[in-house]
Structures are given as C-alpha cells and as structure tokens.
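We just call them A, B, C and D in the order they show up, numbering each chain from 1.
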Amino acid sequence: LRTEVDHRALKRIGRELHACLEKRESEASVRARVAQLATTYTALGKEGRAAVLQLIAAELATPDEVAFRAANEIVAAPTPRARADAVEAARAALEPPWVRLLTHFGSLSDGVTFLADVRADLLALAAGDDELRRLEQDLRRLLAGWLDVGQLELRRVTWDSPASLLEKLADCEAVHAVRGWDDVKNRLDPDRRFFAFFHPRMPEEPLVFVEVALVSGLAAEIGPLLDPDAPLLDPADADTAVFYSISNVQPGLTGISLGGLLIKQVVDRLRVELPRLKTFATLSPIPGFREHLAAAGGLPDDVAGLVMAGGEAPAPPPESAKTALLQLCAAYLVSARRSDGRALDGVAGFHLSNGARIERINWLADLSPDGLRASFGLMVNYIYRLDDIETNHRRYVSDRAIPASSAVEQLARAGTALLGGS
Amino acid sequence: LRTEVDHRALKRIGRELHACLEKRESEASVRARVAQLATTYTALGKEGRAAVLQLIAAELATPDEVAFRAANEIVAAPTPRARADAVEAARAALEPPWVRLLTHFGSLSDGVTFLADVRADLLALAAGDDELRRLEQDLRRLLAGWLDVGQLELRRVTWDSPASLLEKLADCEAVHAVRGWDDVKNRLDPDRRFFAFFHPRMPEEPLVFVEVALVSGLAAEIGPLLDPDAPLLDPADADTAVFYSISNVQPGLTGISLGGLLIKQVVDRLRVELPRLKTFATLSPIPGFREHLAAAGGLPDDVAGLVMAGGEAPAPPPESAKTALLQLCAAYLVSARRSDGRALDGVAGFHLSNGARIERINWLADLSPDGLRASFGLMVNYIYRLDDIETNHRRYVSDRAIPASSAVEQLARAGTALLGGS
Amino acid sequence: LRTEVDHRALKRIGRELHACLEKRESEASVRARVAQLATTYTALGKEGRAAVLQLIAAELATPDEVAFRAANEIVAAPTPRARADAVEAARAALEPPWVRLLTHFGSLSDGVTFLADVRADLLALAAGDDELRRLEQDLRRLLAGWLDVGQLELRRVTWDSPASLLEKLADCEAVHAVRGWDDVKNRLDPDRRFFAFFHPRMPEEPLVFVEVALVSGLAAEIGPLLDPDAPLLDPADADTAVFYSISNVQPGLTGISLGGLLIKQVVDRLRVELPRLKTFATLSPIPGFREHLAAAGGLPDDVAGLVMAGGEAPAPPPESAKTALLQLCAAYLVSARRSDGRALDGVAGFHLSNGARIERINWLADLSPDGLRASFGLMVNYIYRLDDIETNHRRYVSDRAIPASSAVEQLARAGTALLGGS
Amino acid sequence: LRTEVDHRALKRIGRELHACLEKRESEASVRARVAQLATTYTALGKEGRAAVLQLIAAELATPDEVAFRAANEIVAAPTPRARADAVEAARAALEPPWVRLLTHFGSLSDGVTFLADVRADLLALAAGDDELRRLEQDLRRLLAGWLDVGQLELRRVTWDSPASLLEKLADCEAVHAVRGWDDVKNRLDPDRRFFAFFHPRMPEEPLVFVEVALVSGLAAEIGPLLDPDAPLLDPADADTAVFYSISNVQPGLTGISLGGLLIKQVVDRLRVELPRLKTFATLSPIPGFREHLAAAGGLPDDVAGLVMAGGEAPAPPPESAKTALLQLCAAYLVSARRSDGRALDGVAGFHLSNGARIERINWLADLSPDGLRASFGLMVNYIYRLDDIETNHRRYVSDRAIPASSAVEQLARAGTALLGGS
C-alpha cells in the first residue's frame, strides 16, 4: 500500500467525495463509499492527508455565488414572511457541502472516532489557512453535537479495568507522567479514585479523565501522592478529595470542554459514596508563572536570578525567596489576565470558569524538573465549594471576578505592591 | 396540578425559555431549567402545549433585522475572503435561537423521546401556521441527526421480549390491527420473524417494526398469515420471506424514513440465518385504489357500481369484476403519479423508492372490512431482488421509472386501455 | 418418532445407560451418550418413561452382595483405623450407580431442568414402589445440592419481563388462578411487587414466586387485591406488605423448600426499598379447615349444616355462623396437629416453620368457589416480625409451639371449648 | 486481631462448628455462623488453621459406633428389601458430619473459593495424617461436584482483559515464568490465543489456563515464542496451533482435572475461528528426564557426564551427545512407567490420557536454566489428532498403550537398546 497520494489518486478521491453527495445515491451506497474513503484516508501519510483535507476545504465549501444569491433573496424580500422563507432557504444554501460529507462519515460505526482523528490532523494544519480553519470549526461543532453531555458516561477506572485501557490512559497522562505499571497500580489504590468520561459514539475510547486522592486535610505536595510506597488511608476516614490530575485523551476534541463537567459529576458521585468527605479541591500546577515573571520588571534580585536561571537543571528555590515567590504567584493568579479578561494562567482559567476559588499556594510542592521549571516548585489548591460553584461561575463569566481565600488575596496585594514598587 | 396554562404561567415559562439561552448560565443550571420545562410541558393539556409552542415559534425565531444585517454583510463583502467570513457569521446569525433551546432539551436523558412527542404535537398544530411549521422542520432535522442510522440497532422481537414492549408494538400495528395476546403470540411463532429498530437516544422505545412470515412460495392472501390456528412451517424449509406489515411506532418521527433501511437490514440478517430463502417480498395493501377509481371516468359498469357502493358494509367483489379490477389496479400502481412524478399510492412509493418492483396483484387477498373498502380485497406483492435494488432505487429517484413484472405490465396496459377507451 | 418404547429399544437404552458408567469412556463420549439419552427420554410417552425409570431403578441400584461385603468389612474391622478405612470404602460402595448416572445428566447444559422433569415423573410413579422411591429420593438430594441457596437469585418480575415468563408464571399460579393478561398486568401494578427465585443451574426457569400487595393496614379480603379496577396506592405511602400468593413453579422440586427463604429475602429487599413499611404479613387460604370440621363431632347445628352442604355451589356462610366459625378456625390453626406435632394445615405449617405467627382470622375474605369450599370464605393473616422470626422458628421446630396473637388465642380457646363441650 | 488461636478460642470455634449442625437452627442463622467462621479461619495463621482443621477432622468424623451399628443393620438384614432399607440408612449414617459443615460453607457467596483455599491448607497438612486426608478427600469430591464441567466457562483472555486478572495469571504461570508486562502483552499478541476456564461458583477466579501460539509448521523451540520482538504472523495464515503452557491457578483444586477438557474446548473453538489450522500440538517440557537417567545405569560416557554435572549452572549439551540423548529421551517417554502402568513423566501422562500422541523430540528447544536442568534443553511435541483422540484415550486408559510417531518409536527402540546393552 502506498501511503502517499499522487495526482491521479487525489482525483479519484475527489470524484468519490462528490459522489457521496449525489441525491440519487442510495443510503447503502453512500455508506459503502464513505467507509472506503475513511479506510483510504487512514492509510495515508501526513502529506496525503493534508492534500485530501485541502481538497475538501476547496471543493466542498459554500460556493461564493450561491451565498451571494441566497443573501440577496433575504435582503430583497418584500415582506417579513418572504424574509422568513428566504432565511430558511439561505440556511440550507449557506451550509458548506462538507457538513453533509462529515455527517456521512459520522454515521459510520467508528465514524466519530475517525473524525476526531481527522480533526487532530486539521488542528495541526489549520494555522494560517482560513479554509482549513473553517472546515475544522464545522467539524468541532459537529463533534460537540454528537458527543452531547446527556449521553456522557462516567466510569470508574480500577485495577480490574482492561489492561489496554490502563495503558492508553497512562500514555495520555499530561500532568504527572506515569512511570510504569507500579505507578498505574498506585494511582488505582483503594485510597484513590480514577474516573473517565466515555461516550457511546466513541465506544471504548476514554475522552478525559481525572485522578483523585482521598486524604486527611488539604494536600500540599504532589510527591507523597505519586509515591507507591506511601501508606494507604482507609477511604472512609478521608475528609478531603484532591483532584491531582485532569487530562484529555483525544487531541481531536480540543476545545470541546468536558473537564468541568467531569469534576462536577465526580464530586457528586464521591459525596454519595463517601459522605464524610468535606473538601473537594485540586492540587494544580501553575504552568505560566515563571514565563509571566520573565516578562515582568522590578523583581527582587533573588527572584530575578531564579527567573534568569531558566529551565536548565532547575534546583529547588532557596527559602529566602519563599515570601516573594508566594506573593508574586498569588498576584499572578489573581490579577494576570488575557486580553478578554480571563485568567492568564490556563489551569486557573479552567477551574475558575468551573466555579472554583483559589485557596492556597504551596511552597516546595512539586520538585519534579517540570514543576521547578514552570513554577519554581509551587502548586496551588483550587477549592470547589458546592454552595459557591454557581455564583463563582457566573461572576467569573459576567464580570471576570476571580475569587480567592483571604490569605491568597493578602499575598496577592503584597505581590502587586512588590511589582508596582519597581 | 392544573393542566392548562394561564397568562401568568405562560409569562413565567417565557422567562425560563429565555434564561436557558443566556450565556452566563452554567451548563448544570441550564440542564436543571430545561428539565423543569420539559416536566411542565408534559403536564400541560392540548391548549397549554399549543400556547407554549407558539411562544417559542414567535419569540425564538431568527429576528428579522438580524437576518437582514447578516445577509447584507454577505452581499456587501468586498472580497471572496470577506464573503467567506460573512457567510460563516451569517450561518450562526440566521439560525433561530430555538435550535439551541431544542438542543438543550435533546441533551436530557429522555430528551429525544420528549422532543419526538413535542414534534407529534407540532405536526398536529403546524398546518397553516408558517412559524410552527418552521419550528417543526428544524425539530425534524435535529431528530434526524440524533437518530443517525449508524447507531440504529436492529433487534429481533420474540415471545421472550418484555410484555410492555409487545403491548406497545401491538398498539402501534397500523396495517393489520392486533386482536389480543393470542394474535401477538401467533405473529411471534417459530415460522415468523419480528424486527424493530431501536436507537440509544430513545432507549426502550421501538422506532419502526416489520413483521415477516416464512413461507413456501409467494403468499397471495393475508388471512392465513393472521390465523393463529394455521399450521407451523419449519423455518428451515421456507423459501420465501413475506413482509406483511411495516409500522411506525413514533408519530413524532414522521418523515424520518427508517422503514427502507429496516427492510434492507432484515433481508441481510435473514439471508445469513436462513440461507435457503430465495425470495424477499411483501404482501401489501393498496390504500388509495378505490379512491383513485372514484375520481376516474369510463369505468366498466360493475366496477363503477362497486366504487359507488363505497365503504359501508363492503362485500367481496364478484368474480365477474376480477379481470377489470386486476387490470385497473395494475394501471393504478404503474401509472398513477403525484405531481412530482412519484407513485400516487403511498405504500407503492415507499417500496419503489427502496428499490422493490411490483410483482403480482392478488385477488381476494384481504377480506377484512378495511381491505375491501380500500382496494376491493386486492393486495400486491412487491419483490426485493438483491441484484436490482440499487438500480431500481436510482432509476425511480432519477427518472421516476416504476419497475414491474411482465405480467403486471401486461395487466397495466390493458387497464390503461380500459380507461382510455372510455 | 415413536413415543413408546418396545422391548428392543429398551434393551438398547439399557446398554447405553451401562456404557455411561464405564471407566474407560472419555468425558466427551459420556456427555454425548447422556445427551442422546436425555433426548430419547424426553420424546417418550408416559409408559416409555416409566419403563426407563424402572430399568434404572432395577439395574443401577446398589447390588445386594456389594452392600453386604462392604458392611461386613466395617463390622469385622480389627482396629478403629481399619474401621475408618472400611467406612470410607463402604461410602463409595453403598452409593447406587444411578447416582453417578444422574450426576452425568446434571452436567448437561439443561441437565438440572431435565432432571427436575424426571423427578416430576418419578413422583407420579413412585407411590408404592420402593425402588423408584429410593431413586426419587437420591434425585431429590442431588437437585437440592445443585440448587444450593447460595446461588439463588431473587429477581423482580414486572410488566417489562419477558411475555413468555409472565405466561409461565400465570400458568403456575396455584393460589388465586390468573384470569388473563389484564389480571397479570394488575398483579404487576406499581403498588404490587412480584418476586421469583432463579438459579443458574436452571437458567430462565423460575423456581418459586411470591406476589405482594403494598397497602395501608393489614388486608382482610382478597377481592380488592385481585380487582384490576381497584385504585392504585402510592407505594411510598404503604405501611404494610401483604404476601397474597406463594406458588412453586417446578413440580419436580417438591420437597425442596425454597418458599421460606423467598419470603425472608423479599422482606429484606422491601425494607430497603420502602423504609416506611412496618408490617409484613400474608393473606393466606386455610385449605384444610372444612375437611377437618367434617371429621369432628359436636359442631353447632348451623356449622354442621354448612359442612354437610359440602362443595357444590357453595354460598357465603350466614352471619349467624360467624362467631362459631371464627372460633373453630382459630382452634384448628392453633391446635390441630399431624402425628409428628406439626400443624395439620399445610399452609399454616409452612409459615410457622418460617417463623411467622398467626395474627388474625378474616370473615368473608375469599368469596371464590374455592375459598368458600375449603374454608367458608375465611382467610388468615400470618405476620412476620423480624425480631421474632428466629425464636418462633426454633420454638416451632423444637417444641412445636404455635405462636398466635392474643385475639386468635382467645378465639382458639373458645373454639376448643365448643368442640370439647359436645 | 490475633492471628493465632489459643485453647479458649479453639473451644469457642468448636462450639460454633457443632452449632452449625444443629437441626433447630434456621438456615439464616446457620449461614451467619458459617460466614463468621470463614472470616475467623481466614484471619488465622498457619498453626491456627491447622488446629481448626484437626478439630474438624477429629470431632466431625463418622463416629465409630455409628458406623458399626449401621453396618450391622446391613449384615443382619433378613430380606433383600430390608437390606435395601438398611443401605439407604447407612449411607446417611456413614457420611461424616463434616460433609454437611463443608456444604454449608460451600453455600456462602464466596464459599467455593474459600474452600479451595482450605483444601490447599489441607493438602499441605494431610501427609501422614489419615483423618486430615479423609477430610481432604471429601472436600476434593465436594469441590469436583460444585465445579461441574457443565457450567465451566471458557473465556478468551486478551490485552482488553482486566489488569488484575492478567497480573494473577502471570503470577501463576508455572511452565515458562512471566518476566513483566511486556512479556504478558507478547503472550496476548494477535498471533496468540490465551484461554482460561472460569466457573460461576468461583466468580472472577480463573481455574486453569492455556497459552497458544499460532504458527506455520510445528514449533521446535520455545525461545521465539517467548520473544516479544519476534515478528507477528497473520493468524489467518497459521496452519498450526501450539499449546506451549498449561497451568493451574488454584492449588486447592489439585487432582480435579480440568486441563484436558480445556485443551479439547480450545481445539474446538480454534477450529471454528481459524478453519485453516490443521495441526494442534504442544511444545512441552520433559520434567523428569534427567532425574530418570540419573537412576539408570549403562549410559554412554558423555551422557553420564551430563547427568552427573547436575543442575548447577547448566550449559547446552554438546552436539556429540545429541543422538544418544534423543534416543534415551524417546525411550523414557515411551517406556518408563509408574507402578500402575501410567507414563512416568507427569506431563506425558497428562497429554496421553487426554488422547494425544508423542510426535517429535526437539534438540536445543529450551535453553533456560530450568529447561537445561530438567531435560538437557530437550522438549517434546504431543499432537492432538481429532480422529484419534478418543481411541488413544481409551487405549491408554485400558491397556496403557502409549502412541508415538514412527520416528519417535524408532528412536525409542534405539534408546532401549542403548540401555539394555549395558
């Protein structure tokens, strides 16, 4: 099988793509063609795939003249009723033919999984290409529709789960990399919970997962949670559930937000299973902290030195820098914003829009190279208080308000003063 | 609980409907509102439901000025690229807000079932009301998308199936009414097959079903098939599968065609299970025959008399009218068309567009009052030949060609002459 | 297929039976032979089956001389250790070869179901035939072992259960005969519970079932419970669960008591599902009352008249006989015993040995012909009090103590006096 | 919790054991006691368990006088019928009370699993203790009855199986030890099959498993089969299924032979799945070969040297010894017998009694230390020919005939001559 696609093969693929959209084709015939096209696409290499996607984006977009004519009908409609009819007609006319093609693919038995992979390809290619971006956006909308939240299934993952599933989840752990089967088993210990979302349209494919440790008191460092030799706690004695890792499994589902719902459903489920749990919180990385400081001026000397030292062979920061770093970190989390007002830190933005609040910043909490490099070993606890989630969410969405504990707010004021004093 | 809705209650419902579309609402909050609205709607009587649907159609349609502005952007776009951007923006702008509302309902755990019921309400109300018709059409498209064929599940129904399911199917049998549990059991005998389509989005709800008799030779009358005391045939000895009833269960899914696919999947499945089967055919009613003759002139006297005698206490037609009726019936099935060229007879149109051909017309085939009234007791066999299905389908869709056996074609020519000779 | 068995066929069956017990046969070969024998047996008529069973009982019993020799070894053993060895040898020697044969049958996939049917045949034949009775008793022990309580599965039966199961249960209802599908559906209403025991060794075969009505206050008559038009009660409002029918489904399992365990498990399950339930009681027939009175002397005249009137076209008893009948019935239930001290009334014996107590006797409680004939329309409530079940059971088993409410005891004393005063 | 048992605790356990056998105890009460006893036993250490088992063996055996009396009744019976009655009574009387106790344990939900563990304890203790051996033998019979072949379930194990199951199977691999998760995954590759028997009475516990490689031609060495980097074969191209490992998982089921049935069912299943397979054979170790030679005289010098060199740091045998070793090995497999005529080599005996034949002896086939130590690296292929299995089995069981290929027979004759020539 040749994995690249020559001019002739591409023409043949193009003919097949158009044939799938012909009205007189029976449903069975279209399904057969589409299934064959999916097989062909999957066998292609990177360049072949790009060529096919560009072909679709170019040939199955809404034709300019069709759009013009449909819009004109609306503009020229003499009565509201005529306008409404024209709107209805225009909605069909403006929809790019690729939507119907993608819908055919989505109907295959593994179609949604296939299209999630196609979207991963598109995301890698779309930068700077408006047509591919439009195709990618339509595919995102379709995937979001098929993977509707009403059918999401929350499954607990345990040591009794299929080895193939555990292997896949371990490969996708994006926050704290998995170091072998002992590490996997440790994360499935009796004092742990591991949940994933599945959807019937992508059977056997986990979409997103979360790892939870059941502990006494709010966890302040990640090391003990990842240590296979740490003593077991009886889950019935735990008062706190710490969400220490949330990872997407499907790169093709980027931008289809499932993590927030996962946290909410897991909280609901744990409250039923373990009524003694009082606190639901995260122990989260602060991925953008050092980078943010690097762009700031007026830092205390030792902090500036740490920032300059950069990512090579990072060492734990000295105790002397503790106060300044905690203050600067609090200020970063509470005040640093993107242009649209959202929190600059991606992880912070995720939890804040879910209705969490910033609870505590932890010193020497993640001494892994990644943790030291990104945030000098600092980690943060976001806390989910059932009574406040809805209000926090609304205030963050409407007013970009970022809630924090009084301790963190105090640190943030000091941190802001530190920077402002420069 | 009051089942009708007063002005105040309607205003409250209106506020809730709008609240569901507000951006700052969290997903959980929207779900709760929508679930409450579904409960409220279900509890309403006919008038209350109509009021709510009219409210949605009126307040959540695409606003006229929004449509105008979006269309103008397309028309005025200075470059193809600007046009493409304007098209993308217009697609979002032209979509009536009710689409998002309906999508929220569809995400509830029983949401699709609920919306199928809503659509049944809409179909009853929409005649002559353009706004309701547009809402109904959007709902049809959404339902068709959710109930995608890729996830349809073909299930065999047997005497081991849930009694509640058998009861529901018996209630929905639209072709040959079920006369009690003995009749149900007879239709599930070892020499019968009973299949239904299910879909995960409407769990436990059959969508459409088909009843099949396994027989020797093409069945020519319905009576023996419905007779509980008829002798059993060993299915392994049967050479013919007769589809003698196809019924939709969900009135809200009218226009979402599943019957054709059902027949194809059942044929495939029976071919595997019973390799001796050589013929797959129907024994079908001819619902519009008498009515069609009533509008025709130049009928032979005895046929005219039968047509005039109408539907009251119908008796089997006399043998003397046999030749003329068979000829006229063949002509009706082969030549009578709707304005768009499709077959005038609804059942004929269904099987022809699935790729069947008209095989044989049967005399004294259905002596039930309904059968005598609609078609003087005549029934027709449509035959599904695997090798011809795709061609028949295409030729019917493209050219409106209606395939028939040579015997039927000969009858049809005579029937046409009979009418034309007047 | 001939259903009776001639001499030659019987000889062939005999050879096969012996072949199944030969050591050198492989397991696969034995299974094939045994499966064939089961098919042959099932196809036989009554006389053929009797001939086969007599063959087994005659030829596969413990040979007299084998038994004698094995016993002699025990008697003659010179030391305790030699005796123990001889006992072990004798246990194998005394076991009739039919035990191994039956065990082979039991290993077939439907083997236990087949053997339950065989035992039903044996029970019908065994009266007066010692050899068949011994075979039947060994089969009872084997069946009881295979159908061990640890694997019994309690399943709720509902209107969503298979129609074939509902049909089978309706056919087996031994207490209050089922009068059609409406009656079945009524007994599965939301204010009813219907439970059956299943066992993996008899897949799809219910073993015994119980019907429960959820009511307010202790039910005093059966009519409303069997009336499909009776109003529904919200189960959450019920304070009493009335067990109004317990029936065995498998005649071949007679003497393998499962009903008591069924009641206990249903009580446990209902207590969890409906915590408001306070009373668990039966509404039971009194099958032996009239027959018992017929043998008694010294009855009041009107009661004697009722007893004499016998079973033909029974009418409800006159109010004038109420007091005497209630007293006599209480005396019957509390005092009438079998020779081994158990309660004479079979239903009473069943509930008493399960740990119930006699709570109340109800006047005009079952006006069906059967009810009037057996017990003049009287029914009794046995009550299951969780705290007393174990004590009641032990006292009944050890001391034959029959617990009753003080009201019933008072009636019983009066009833005894009535009879004693003659 | 103290894990050892003192005198007082033992007395309490003894009282409980007896209480479980009292007639007046209700079933529920007995179950509760027995469940508690199982928990207590499981928590005990080795000595505590031994004390409990000795208590049962001593106190719940058949009492000497009971046995004597029952035997006497048989001996003294005046008529055949009286003898038959006495036999029936004796069967109950001779059964040790521990049988009823064990049966109670077996009814617990995990009872059979528990008793399998108990039997493993007994097997370790019973050597030289007649009473414990009798208890162990009764337990073996009970376990064999509960784990009847009719309910055995053959499950394919794949990389999608639970990680916990794969871990357990890897721990139990007795033939070729598993060296980590990569090794596990290799044995579950697409060109492998891995099957295990499960039984509903020991849910989630595999009983015995077999590993199969799908290859082209009869495999002659084990190395490539265990090499994770060996190339994959398309299973559809394979003509031979090589069973390269069969292991029991449950030490408590020793002597309850399931491996032979497992092989037969796997052969049946593979023949359906992969109709191209023509040869079903093993690649088996020869565990007793070196040990057997060590006891033989008259060996050629270099072979004698190899035998003497013994098990320390074994090296592959020199090519010069090849002919003699192959001949001696063939003679060992074909002719060396136990006192009862069975093959001396345990693995040979297993496959021969299943109906296999000795096909080929392979030189340098297993170069692992174990393989070199036990059989100088030689392995043997036993072949399962469907048409011969039943005959081979019967001839081995009846006449102790050991079938071999002509090549092996020729080698064996030479080997016998070699030894006989001494």
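Miscellaneous remarks
Simple rule for what comes next: contacts are C-beta pairs under 8 Å (C-beta built on N, C-alpha and C of every residue); 3 or more make two chains touch, one makes a residue touch a chain.
Please read these numbers as outputs of a predicted model, since none were measured by experiment.
Steps from chain B to chain D, taking the shortest chain of touch contacts, total 2. Chain centres computed from CA atoms place C at the largest separation from chain A. Averaged C-alpha coordinates give centres for chain A and chain B that are 42 Å from one another. Averaged C-alpha coordinates give centres for chain A and chain C that are 62 Å from one another.
For this pair, chain A with chain D, the centres built from the Cα atoms lie 52 Å apart.
Counting only residues that touch two or more partner chains, chain D has none. Contacting chain pairs (ordered by label): A-B, A-D, B-C, C-D. Across the complex, chain D meets chain C through its residues 23-29, 31, 61-62, 64, 67-68, 70-75, 80-81, 83-84, 86-88, 90-91, 94-95, 103, 106-109, 111, 130-131, 134, 137, 145, 148-151, 200-201, 260-261, 264, 355, 389-390, 393-394, 397-398. Contact residues on chain C toward chain B in their complex (touch as defined above): 158-167, 181, 184-185.
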